[in-house]
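Which chain is which? They are A, B, C, D, E and F, in the order written, and residues in each are numbered from 1.
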């Protein structure tokens, strides 16, 4: 399991290192001799699913290619409090310089993977995909979407160019011209070969969209009973996605309505970092 | 109130727009005529403190310089559910293209400012500063630290080069050479004119550091009674900072110990986005 | 009609200007006084369809924002030999500095649009889309794909991430594991919600792919009679794309087979620049 | 034979890979296991001169440094239909991810080298240089000029700063001030130590330029008999360059006029890609 | 008079501002209200020739586009102690943020122009050009070469690609193959149409080079009497350049030998900044 | 001893190489076969302190990773005329391509280190630090500040964000509001935890600043007797820095006043390059 375009990841890492190290590490340079060797462990402070181990490794190697980073767990592994996630050996000063940036990636991505895994677990046994949204942190979307995959989720659109999703705001603009869902779907279909998904707010709109040939429907904040009706109407002709107000408490109930996808913005817009720390033995 | 180096902010915005719009917005381009005008409102879905209004404005202007963005609230303002934060007028398609990226900034930064404001409120009347840490999201540190200031907090170190902070891991490396806190402080002082802060784990270590002339002490996860003793020992000779395990529940108690600074990693490492959405009238 | 992400276009223009002007324009600087005004016309030397007029304009404005560029024809317009495409007024030296780079964009993009328009014309009256491929010039793909749209064509995949296209080489790798088209389609469908297209080499393979639920079939270098059979088998369940060896001579015949899309690599891999030149009156 | 500044080439490659792979390769990632090994051959579909083999190699190595690329032919080699140009071994998925970008470079550069070689061949035995122009594809000029050298041609100016070439448009601006070719050459000579070339439109202008001490003359679209006269007048005092309307049909005749250089814009502005494809055996 | 590629200058300025302002200006932000207006003067502390006034202006405008910068002297003007070079009006805080970077450019470039002007003055009345070398400060070569022009000097090669200069080290490598100056010149001539200059160490070598058709000779550290002989031998067939050990004390004597060019590395490798300071009235 | 953020150094080197080699090295490419091996020595032409040996090495390795660079002296070593600083072995052409850029770094940084060392030597035995200022060459500040350290100096502020220094211009702005040194110091202290330094022009101002709790005083162009008084008043409560008009002639006298720091702008704003050259044996 690997982020899909490593080059971008390297650029993201370099920017993060530049934020922290552009003017050196005055503490480490004052106290630690460049020759001093050390050994550090990254330790889990709570239970969770890891994501970003390779990213953390790359952080250390970009700080100092002579460091050795041994991962004891890989991405997607479940760790418990006290587990040693990885061991880093080499120049103590280099380890200290990379510590914060490496943990900033690892704790955040593992937080995303852990939360995603909770949603996946909550819908276990049901044929539904938990997906992310485009509500990601500016600048690190590829990594956050990767973490969702690591946690067992699927990715929704990467960007505004790889899928047509006609949302309420598009329809508002469209309707002001006296046109409706049907015409929107037709026009979308004539513009490209990409799939066409439409946000609908009622069973009636869902029916209209299905008849117009939508490939997928987005049910935003719809009552579960209504979801069930739309699923039935669709009969597999279109993918049905639920979205809006979904939490760990109600996700299983939503899933049981028979929808194909449940997208959860909070997976990436409100991340709780996984507790991981680095301890050095010099 | 403004992020300090706007150039960097522009680069961060451009990267975010590139993530979302490098391949165009196929939906908007298919459905919305380039000429169609619209008017959109950014609306608060819950109470909180705004941060990033100028950033959101810049997002829209970079998507289309002909858009008009009118902020009804400025950064640091408190909004309530239903408040209209800003109104954007101009080409409907341009508004839709910028919507997600603008909100991704605004909801996240406002989330940080709101949480910071809660900590500041919780210590109201006490002479203490709530500060951030370097536990920020890779790539957007300047914005996150700005949001902390907007929320009434202060910034701790920007990076590893603008202040000496001798942490437990530095001391571990240093002690393995048979040297202690005192020697560490002396060596740090000889390397630069920057302030020297030391992490101490007990009242005794605090005393040792004060005698060696530390400018500031970091008390990590120390009992409140011990904090109080260190504050007393310091008698204003050094700044005292508390850190570790601090929550909205215990922050006032910690502050009452007399410490000068309380640093809270969660302000930036575990952000809950403020609920803000965009509604278009075309 | 406009390239979809202008920011990228600006970067492409800046790179082109850097190639030509990083060390100044020694001729112009030696001969032309900075104050001398001029007026230049871009003139068509042959018939064709314009693309890149806004790009050429931007080149001149980035060389010197005080230039005035008046387009007499817009993108998608058909010009004839002798037509004045645009007039540029302002400092003669600035016009001369931008001339070559502006024409390098305009002649190339117009060449693409003109050729695309010929294919579209050749299939006039038939319900088929002429599309490009990923065989574009490294570094200017967005512009080349834009030029195809200007010429009346449609874009196929922008990149390897916005659509699943299982080609012969993928199948070769897949088959070596004892698996076939059917399993490939199933696996692809389980990995994402994107459309799944499969390259097939015979009517039989086409049938297999249709049964496995492919959203589209790519018929590479297939006999026209076979194409017709596949179209019939599909009955609209899947889009049918023809590709390989298609020229202006045979494109109508291919289109008449009933395929939905005809993709033509030569539109971008073997471009003949449209003859356009700049004449200065000082 | 090697592009002169490899660093630039790497940046050009990275941009091309970013165009195609920024959002991963969804097909390959869905179908091909990261461990699956493969072996691919790049095969010539027609006769031509190779250029860009090292570039194609670098593309694959940047996608995956563990790939092994063995070139069976080097740049400047002539290949025939069916020849195996290179073999790539390693992870099948990595080969597939790099395929298109590698071929986009190799087919285009080989197209340029092949066409250049045809012009060189057509003037075989004559003391004349075939040169390119600045009519190159924006963003990849160094590679296109390299391909011309590979095909046996020479490079004309790299950019507007490395040689003075007084063209008709410069003279138009200059003449509007009541000054002529002679004054232009003098002024150019006083501005720098670079060579001074002047475009002339008649034998008379050529004579004037020679007397004013031009280092080279550009004869644009001049009748062959006139070229011959100018060559004679020059008596080796200046280089004579022919340009404009030169094709494979007339290039030998032009060369026989005795000119030193023949510049051909079409070498780079209207490239026909060489037919090369990749076949994978897994 | 203007740097030839302003785009590059903007990038150089942005890098300089990033060095100084990436983490804000903590002093100004603490003390000066964003609304406070001010007026500042840039004042000459000694006599010299200005260069970089437009660059300094751009620095201030990039810090804050609302600043007004009025230049009272332009580049190439001679200023005396106490002269007000420019006045900047607007937000006091913005002026203070830009001060150091603006002066770092202006004092350095003016130092170069001033020293160049001294050399030009020392050779007044003689037909000789004072030129720079490639011994420039890494990263700001275009600006340093511009400052030389402002001071009345001429530019030698911009980079290793715009002129052939066969130096002693090239000849050393070439001679180890049993080849000499003559063969070197011939080979150079066959490689490109650029001028060919050769470094010679004696009158004899000079003669050899002239006979082989060198366009220019570089006399490195040659005795003045020998220079005179080479000048005589050349009879205008080639440009003669003197170099090495040239100071303000001996430059006139060297010039009187009749050489065409005198290149002085110290113009850019050992710059004494011109004394200029900024004074703010708030 | 090593520049603190090597990544930045690599970027600086790449920019310098781009300035010189973006269009190849036409001389070397014409004359030297890619296979020819050579051995070059970097030789000191005068006495001085080296800085930048690793930078020079990196330049050669970035031009050609197959070169071997053996340093015979390291940074901070004192060399004498005739000393061989380093030997480079490998392709002769690669050595020649890197020569100028490598020397441009090495001679300039060694010039800075040498001059710094002279100041340090002149104050030998006294407890004072020689420091640099922000008067550095735009774009290479980290390297210049590194060279100061190599010469035995200390660095003052890296940028405007890592220390508060209230200068005369800040005070001028502040005083126009009817506020004084005392209020400035208080306000600064309330804005951040960074040290607060204030520029004072008289003993009286110094006393006022000390009473207001300044951490450091900057005495600009103050008489030595006054400096002594301020030192006495401070009694170690604050660091005292002297600045302005300091030369090798008076630096010891200034130091004997008891100040803690002496900052010398000329260390970086008026550098005399150390004489170092490269000689090739092929």
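Quick note on the criterion: a residue touches a chain if its C-beta (ideal position, glycine included) is under 8 Å from a C-beta of that chain, and two chains touch if they have at least 3 such contacts.
Since the structure is predicted, the reported quantities are computational estimates derived from the model, not experimental observations.
Participant: Through how few touching steps can chain B be joined to chain D?
Facilitator: Between chain B and chain D, the shortest chain-hopping route counts 2.
Participant: In contact with chain B and with chain E at once: which chains are those? Just list them.
Facilitator: Neighbours common to chain B and chain E are C, F.
Participant: Same or different interface residues for chain D and chain F, judged by whether over half of the residue numbers are used by both?
Facilitator: Both copies, chain D as well as chain F, present different residues to each other, with under half of the numbers appearing on both sides.
Participant: Which of these, B-C, A-C or D-E, makes the same contacts as B-E in over half of the contact pairs?
Facilitator: That would be B-C, since it shares over half of the contact pairs of B-E.
Participant: Could you grab the centroid distance between chain A and chain D? Build each centroid from C-alpha atoms only and quote it in angstrom.
Facilitator: Each chain reduced to its C-alpha mean, chain A and chain D end up 45 Å apart.
Participant: For chain B and chain F, let me know how many angstrom lie between their CA-based centres, rounded off.
Facilitator: 33
Participant: At least two partner chains per residue is the criterion; list those residues in chain B.
Facilitator: 4, 21-25, 29, 142, 158-159, 161-163, 192, 194
Participant: Quick one: which chain pairs are touching?
Facilitator: Result of the pairwise touch check is A-B, A-C, A-D, A-F, B-C, B-E, B-F, C-D, C-E, D-E, D-F, E-F.
Participant: Along chain D, where are the residues that touch chain A in the complex?
Facilitator: Of all residues in chain D, those touching chain A are 14, 17-18, 21-25, 29, 34, 62.
Participant: Can you name the residues of chain D that touch chain E in the complex?
Facilitator: Residues 4, 154-156, 158, 161-163, 192-195, 216, 239, 261 of chain D touch chain E in their complex.
Participant: Residues of chain C touching chain D in their complex?
Facilitator: Within the complex, chain C touches chain D at residues 12-13, 15-16, 19-32, 36, 38, 40, 92-93, 96-97, 99-101, 103-105, 107-108, 111, 134-142, 159-167, 169-170, 172-177, 184, 187-188, 190-192, 194, 266, 269-273, 278-282.
Participant: Which positions of chain A touch chain D when the two form their complex?
Facilitator: 2, 4-5, 7-8, 142, 158-159, 162
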